[in-house]
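All chains are identified by letter, namely A, B, C and D, in their written order; residue positions are counted from 1 within each chain.
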Amino acid sequence: MIHYFSKGIVLEQNKEPALSRELAEFLDPSMPPKYRTGETGDISSVGPEKLIAIAKEAGIVDETDGQPLFEKLEKARYNKVQTLVADAIDDEPYISSQLCPSFQLTDQLIGGVELAQKIIGAQKSCIAIYRDIYGVGIKIPEKLGEIPIERISGTYPAEYRSKTIYQSRSTAVIGSCALIHLYRAVYEKRCQTTCFVTVAGDCVATPQNLEASIGMTVQQLLDHCGLSFEPKRVVVGGSMTGYAITDTKSTKITPMTRGIVAFREDFDEMNYTCIGCGRCAQVCPEGLSPYYIYKFVTARRYAMLRNFDINLCIGCGTCSYICPAKLDISSVIMRGKQEYENYLQDQLRRRQKDSAQ
Amino acid sequence: MKKSLKNYREAMSRTRGIFAQNPVLIGGLALPIAIMGTTSLMNAVALSIAAFATIVPLMLVASTAGKYIPLNLRRTCYVLLAAAILCGVSYPIGKISPGIFDSLGIYYSLMAVNTILLYRTETYAHHASPLAAVVDGLRNSLGFSLVICVMAILREVVGKGTLWGRPVQTAIVLPSVLLPFFGFIFLGMCCAGAKGLSHLMKSRLIRDKLRGNMQGE
Amino acid sequence: MKLTHRFPPHIRSRENNVTVMGDAVLALLPLYFMACFFYGPRAAALGILSVLVCFVSDLLCQKLAGRKIGVIDLSPVVTGLIIPLLLPASIPYSIVVVADLFAILVIKQPFGGLGQNIFNPAAGGLAFVTITWPNLVFRYTAPFEKLPLFGEITARLVASPAYQLKMGGIPYRDFTDMLFGNFPGPMGATNILVLATCLIFLVVRKSANGKAALAFLGTVTVFAFVFPRIDGARLQSVFYELCSGILLFGVVFFLNDPATSPKREASKIIYAAIAGAVTMLYRYFGGFEEGMVFAILLMNAFAWGIDMCCEQWISRERRKRLEKKSEKL
Amino acid sequence: MLNSILTFVALTFTAMVVENALFSRALATSKALILVRSKKELFLFGGSVTVMTTLSSLLSWVANYFTRQLGWNFQLRAVAFLCCICVVYQVLCAAMVLKWPKEYEQLKDILSLSALNSAVFGSLIISSMQNYSLAGTIGYGLGTGIGLTISLILVYVGRKNLAMSNVPKVFKGLPIVLIYIGILSLAIYGLIGHQLPS
């Protein structure tokens, strides 16, 4: 069990109504399911290169980082990676788009994991699931089929940290939904036309997980699940790192969207003055101090940012979450990152101009 | 009185040393004397007489002869000359009250080294005609002594409850007002007040000017 | 469907400025009950007056500085509650008003109001009052003397154990007396047990840092053990140094004041350790019997410097670690 | 011999912390706020004040001894001390011109301002008024210089912090720094506890 140090925050997950509900299909009639060419035949005789070609033809995209699946498999195979990890860590609240399919389509997931293990030639494989999910309907077993489940414990940005730990131990991390699509592409010859999305939030009447076909608009999904209140904010992506959209009819679903969250009330009291309590410095998982970075970026004093390693910020949003003054610290820091780069380039140019004189 | 912005700027430039660029409040010169010397009105009056006596002649000397002496020699001459003048002036000042030099302590002889002297002579007197230098010296020392006397009155009344030695009826007596820390804070507040006043005057006049233009068209 | 655009993250913790300041107010209220229990309703009257003065002057200053008033801001209430607790219960009302005005008008508002002030306003106000009226501030009434709400104070005024320590004497108080605070001293700073519970409450609510408090108390005990003011009895001197004066009160409220203490955890500990040493320095060589207030003011000036040095040191460590990791990959 | 070392150390300590030139006597405030803009200037100013006070306190003790014999009044003795400072300053300038002429050209202005400074002159007058022994005068001069440098560092750190926080428009610049120094001198006053002989 991988345990991380205490930095970061323990979030109230409230995944519950969506996770235990049945995974429903919601396909767009105008987009028929595509099938790949080639015969099914006996799969065990097919070599790893052939399987990678099948994955390429099916156009499967890994939902965690958006890279095509066949590229990841080739790279892992080239690096002779030892263990394969199926990433089902849903550490952002309201979102369970990796957990629900891995429990309700378990045989497809197990098949996909075995296929990927065969392709990469890895000895061990496991499924990583976040530990601190309380009040969850289903009991998370020790093993899924005969693949062991590794519980990632620790505070909120566990997904990012688990990736860094795994990379240091030469393991390949592949999203569980991509493995399910790999199983379907190989055994049922289906290309990836759908993706798993959680529709949740306190405005949605029946929060649930959907297998929606790619290209559908957010409005269709929301109408399918029914809205009990008029939402003030609709967020595409995770509830901590997603981005708020203003026009639901035109934004479409991509394989990367893992959740659509609709919130009823807006934060009315925003942007108090910062009282300098230092909670964001205690909470930042990268050990930075967001108080000073926020202060220097808003005061436009980039010369002072020299020792504050602003480029290490991963944008997880814990500092804005914990801030009692409700300031948008993480978005200002992300903007500050860009401005600091420009400032450094100006410095470089000016120094070259001076040395030229 | 609808004083237009031009009149205001002209009035300010004519009284440059007193209100607009006050050496103590805006320029930040001669602060130690403004902080420690203003514990009683007698001290302030003595120091302002010393200021008049040292700054004006030195500006004259600086504008006439100062340009030709090299830098380090020039400054020492100014300082020695000022100290000599202070010795001379100490006799009339001694008449104000017997204990004046004990309560002033080192701050009377520090007038010889104060920064109004060193900075005004450098920045203004060297490239100005003798008459203009003397007038500027007068204006600066007038501004300096005005600020010092006002601060001394307030500090003495609140601190000791007396004015020029005679008791004055005050609501509350805070003896700690005479200490150096309150000098700093009080001077800081006066600088802020001066800056605020000039901002207020400028913004009001600019608003009148804008309103005047709008009605004019 | 009118949607608003917000930056991530889209869920926020329930705490806001009012609850954070509310914790400090909650931690202060039991001290007022104890003060009223010992010294009668005069303590509550002092508290209410001081809070009113602080709140009104803070509001006026914000309106003068042209800032929008609308957000409930409890920090003047906290300052107003702290100031009477460190003064004797028999103090005239005018002194508390002067301390409040000085704290808000001179120490808090010119530096930029709520989050920007560099010095702790309560400490500054008390320092000013201690300097102007040392004899009034260090004369305490014995507890359980019911003081009249207004009018002349006829109770006998006694010196506190801190004064006896300063003079080299041994304040003969038995153990339980010192803990429950029934010995003459500042209104709120004598009951050690209540203060300890307030500290634990604040640590649990994450608005106080437990390690910083331990670092402060550690340096104080080391100082008191190595250089005891009571000749010979080292442990006794440690106990009396900790319990007398406003030391424990300072640990709970001055050291963990959000705006004036450093932000990073490591620099909070260093700041607390140096503050402990400076407080003992003020007690041994200081001009007044209780130097904690001046030590806190002096340390607030260092807070920013300590934080910057810690940032520099930690970023150097972090860069070394990153290089090591990149070599390994 | 031993007690002269003791007075030396004791007076250095008092001049450094208790009778600090900047906080308890407000001696070098205007030059500290105008002249000291960067870290280099800070240490240059502090260093030259320390050198000036220690060297000229030697001369001033001798001058003090003679003027007390001749019975001059206070102002005349002050002029004598000022002459000591100017002599030492000229000697220093001559040495600088010979040894490092290039640096001297750049630092000419700052050196002359920090030599003829109220901190240097004030510390000499105080140590002669108190009639300290030779070791005491030198100790007092050294302590004033070091104390001034430390308080300049504190003010420098404070000014960087103040430049960062949004101080109201009226207080920006000189006023807020004066209030900052005032509160620090309030804190250091806690060590003294009584009025200093001015």
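Everything that follows uses one rule, which is that a contact is a pair of C-beta atoms (placed from the backbone, for glycine too) under 8 Å apart; a residue touches a chain by one contact, two chains touch by 3 or more.
Note that the structure is a prediction, hence the values are computed from the model and not measured.
Q: Determine the set of chains touching chain B that also touch chain C.
A: D
Q: Which of the two pairs, A-D or C-D, is linked by more C-beta contacts?
A: By number of C-beta pairs in contact, C-D is the larger.
Q: For chain A and chain D, let me know how many angstrom lie between their CA-based centres, rounded off.
A: Here the centre of chain D sits 62 Å away from the centre of chain A.
Q: How many Å are there between the centre of chain C and the centre of chain D, using C-alpha atoms for each centre?
A: Each chain's C-alpha centroid was found; their separation is 34 Å.
Q: Quick one: chain A and chain B, Cα centre-to-centre, how many Å?
A: 67
Q: What whole-number Å value describes the gap between the mean CA coordinates of chain A and chain C?
A: 45
Q: Where in chain D do residues touch at least two different other chains?
A: In chain D, the residues touching two or more other chains are 166, 171, 175-176, 179, 183, 186, 189.
Q: Tell me, which residues of chain B touch at least two other chains?
A: 179, 185, 188-189, 192
Q: Can you list the chain C residues in contact with two or more other chains?
A: Within chain C, the residues that touch at least two other chains are 106, 110, 116, 128, 131.
Q: Please list each pair of chains that are touching.
A: Here the touching pairs of chains are A-C, A-D, B-C, B-D, C-D.
Q: What residues on chain B touch chain D, complex-wise?
A: Going by the criterion above, the answer is residues 26, 28-32, 35-36, 71-73, 75-76, 79-80, 83-84, 86-87, 90, 101, 103-110, 112-115, 118-119, 178-185, 187-189, 191-192, 195-196, 199.
Q: Looking at the complex, which residues from chain D come into contact with chain C?
A: Chain D residues touching chain C: 154, 157-158, 160-162, 165-168, 171, 175-176, 179-180, 183-184, 186-194.
Q: Which stretch or stretches of chain A touch chain D in the complex?
A: 295-296, 299, 301, 304
Q: Considering the complex alone, what residue numbers of chain B touch chain C?
A: Counting only chain B, the residues touching chain C are 172, 174-176, 179, 185, 188-189, 192.
Q: Could you please specify the touching residues of chain C with respect to chain A in the complex?
A: Within the complex, chain C contacts chain A at residues 1-13, 15-17, 19-21, 71, 75, 113-116, 206-207, 258-265, 268, 307-308, 311-312, 314-316, 318-319, 325, 328-329.
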